[in-house]
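Sharing a structure, written as structure tokens. Questions coming.
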């Protein structure tokens, strides 16, 4: 029972990080029908940018205000990079065959990943301990302050995003563009700015996710984007890609699943089990858990 | 000639709560040119999709030539001699006209999968025969000068002819045409009428959906009229034109459209 | 145009046929790598370029062939050449079994599932399932090639084995273009529903494309294991699949385009070794730039392959 609760806590923590990253994939896919392969590397980059902000700007000291500043500055920088990425690598390919944009996304992924390596080197860097190591024992389960912060902040961000998408005019524009770009354009929605907006939101959420990953696991490497990106992307697909609550659900489910697999079965097989879960879900429900079934009009 | 009858009995197709086709029965006899008409959304294309295996009707029977074909896949149905065209032309748009038409020879070709890896004398000959058949069809449809032209660069009317040529390449016994005159000008429509007659003269039964009432009345031998998925009338074109139900449901609304 | 491409192909093949005699051993190794990876990229082209299925797990089939050879040679003492049928059949069978339930998935989903297969495959190798894969270090110390008891220790022998495999692959690909099977793959790539409605069993041909691509990649894997006398999981990682995927699309899924892509991706870095850390950074930019300037690839595959006797003399078609 203790193992169960412990893995539940771990799973929720990991899951909320996956969910934050998955949102970036799912929002871009929703509007552009493109797997943004570079998103995972953007997440990795945000960990390094956060480290740079800490060492260069804050001079290696961080108060509460400093930590908050790291998050805001990093998110702002990543949002700028995200918008630039879209302008440079994706916008010229809007009307090109779908696979061309996929290749461009893979290229962008290589550029960002290797850009990190060229700037910060190929070796693992250790992220500073910005959150005090406080642990609470709750009925045999150890919960760290870091876990609580990650979970609470992620939930707040996700609820805020959900409200933004559902309740505001800009959110309605995003939803309309996801359903039908051309119709949205005809209704006077500026799809270009919607796309810029989703890259801003997606990259900032990814930056927060990346900083959480850095704070939680501490060791950061230039190529970690593939790993976390792939997991987050699977989360988005499990939830039904293009569907925002689906990405949150998928992230949480995947976090719990991998925590329980590591806890009960074996951590060396975790990737294999995760993919088997994904393949199983896709065979049963080809559009994910919350995805809509699309019938082709003949 | 053997009986090549298509008999639909109580075919029902639902999409969620909507009944697109409601217990429809009809019988297409050998050598007929059979028309299905009805207002937009009456379920005409849905019937064609049920016959050709793209959809599977929930209830009823689709009997072809004494065999139940409901539940078969599209390619199995093509194998039994039923081929269709699409309302929105579906050609292989990056490929040439001749390549599009030769796709219809796929099922008649004697080549097996290993011939794609290792050719034989037989497969080479079969390949030649297929192309010769295509050549014949391109001449029949007056498309021979476009053999190497990518279909997407052809005008709409020509694309319709390519699609029919492709269907005819299968050597069908029943040809299903989904709005063959849509998007054609008067001259092309007149040519289409001739083409449909000459296809019938080759011994092919023709089943078609069409909005152009003039064309329907001119070419068809027998008609079924649908409204809201239900058959409201059937008969020869003369009978249909006099049927008050049809005039109310369909011909009446025709004035609003044009 | 036709004459030009015939001339181009003959010159290329002639150069390739005598190439190893002009190279030192390091460049011979590079040449072998070029030939092997060309075969894998062409096999990927059958699945991705011809049949249009988003397969991002081609390195898995490549690795299966390599591991089949390595396991049979090191654990069961099969001569290397005798492992060829197994190195082909194992990926073919696995390809059929894996493809059957997933080929109906829409493009991007298929892509993710094939990535998944590749990652599961690597975990199987690393975790040494069944105790035969050698774990993270792989298997090393394979024998030399031998024919009728004669050991062929020189790299040149490996080169000609690889070259023979390349010739075979090219022959298959050219023949596919002139058969109904090859055309069926094109049709289902263009419009699966129209293909099905004209009588093509699309599912069967999708699985066929996977099986054929897997078999050729497996054969390339056998040569790869022979070249290095060793196999290890890194050679078949998912990043390799990404490279093969990109090569086909950047090249334009034509034979010259794919060969050019392999040359740029695997031979150029050998020439500019001092810039090796910049390799992927530069490739990434090159991929983006190519797609923006030429969305269909550097050397796009041309359709309209119809026999000459079909073309009327007067008109010049497309």
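As written, the chains take the letters A, B and C, and residue 1 is the first residue of each chain.
The definition used in the following text is that a contact is a pair of C-beta atoms (placed from the backbone, for glycine too) under 8 Å apart; a residue touches a chain by one contact, two chains touch by 3 or more.
These figures come from a predicted structure and were not determined experimentally.
Peer 1: Can you identify the chain nearest the overall CA centroid, using each chain's own CA centroid?
Peer 2: Answer for the innermost chain: C.
Peer 1: Taking each chain's centre as the mean of its CA atoms, which one is most distant from chain A?
Peer 2: Of all the other chains, the one whose centre lies farthest from chain A is B.
Peer 1: How far is the middle of chain B from the middle of chain C, if each middle is the mean of its Cα atoms, in Å?
Peer 2: Roughly 41 Å, centre to centre.
Peer 1: Roughly how far is chain A from chain B, going centre to centre by Cα mean, in whole Å?
Peer 2: 49
Peer 1: Quick check: how many Å separate the C-alpha centres of chain A and chain C?
Peer 2: Centre-to-centre distance between chain A and chain C: 33 Å.
Peer 1: Quick check on chain A: which residues sit in contact with 2+ other chains?
Peer 2: Only 298 qualify.
Peer 1: In chain C, which residues are in touch with two or more of the other chains?
Peer 2: 193, in rising order.
Peer 1: Using the touch rule from the top of the page, what residues of chain B touch 2 or more other chains?
Peer 2: Residues 54, 86 of chain B each touch two or more of the other chains.
Peer 1: Residues of chain B touching chain C in their complex?
Peer 2: Result: residues 52, 54, 73-75, 78-79, 83-84, 86, 90-96, 98-99, 102-107, 109, 111, 113, 115-119, 123, 127-128, 130-131, 134-135, 144-150, 153, 166-167, 170 of chain B touch chain C.
Peer 1: Touching chain B in the complex: which residues of chain C?
Peer 2: 172, 175-176, 178-184, 186-187, 190-191, 193-202, 208, 212, 303-307, 309-312, 314-315, 317-318
Peer 1: So in the complex, which bits of chain C are touching chain A?
Peer 2: 54, 101-102, 104-109, 111-113, 115-117, 119-120, 123-124, 126-127, 193, 238-239, 242, 245-246, 249-250, 277-281, 283-288, 290-292, 295-296
Peer 1: Mind listing the chain A positions that touch chain C in their complex?
Peer 2: By the definition above, chain A touches chain C via 29, 33, 35, 88-89, 92-93, 96-104, 106-115, 117-118, 122, 226, 230, 233-234, 237, 241, 268-269, 271-272, 275-276, 278-279, 282-283, 286-287, 296, 298.
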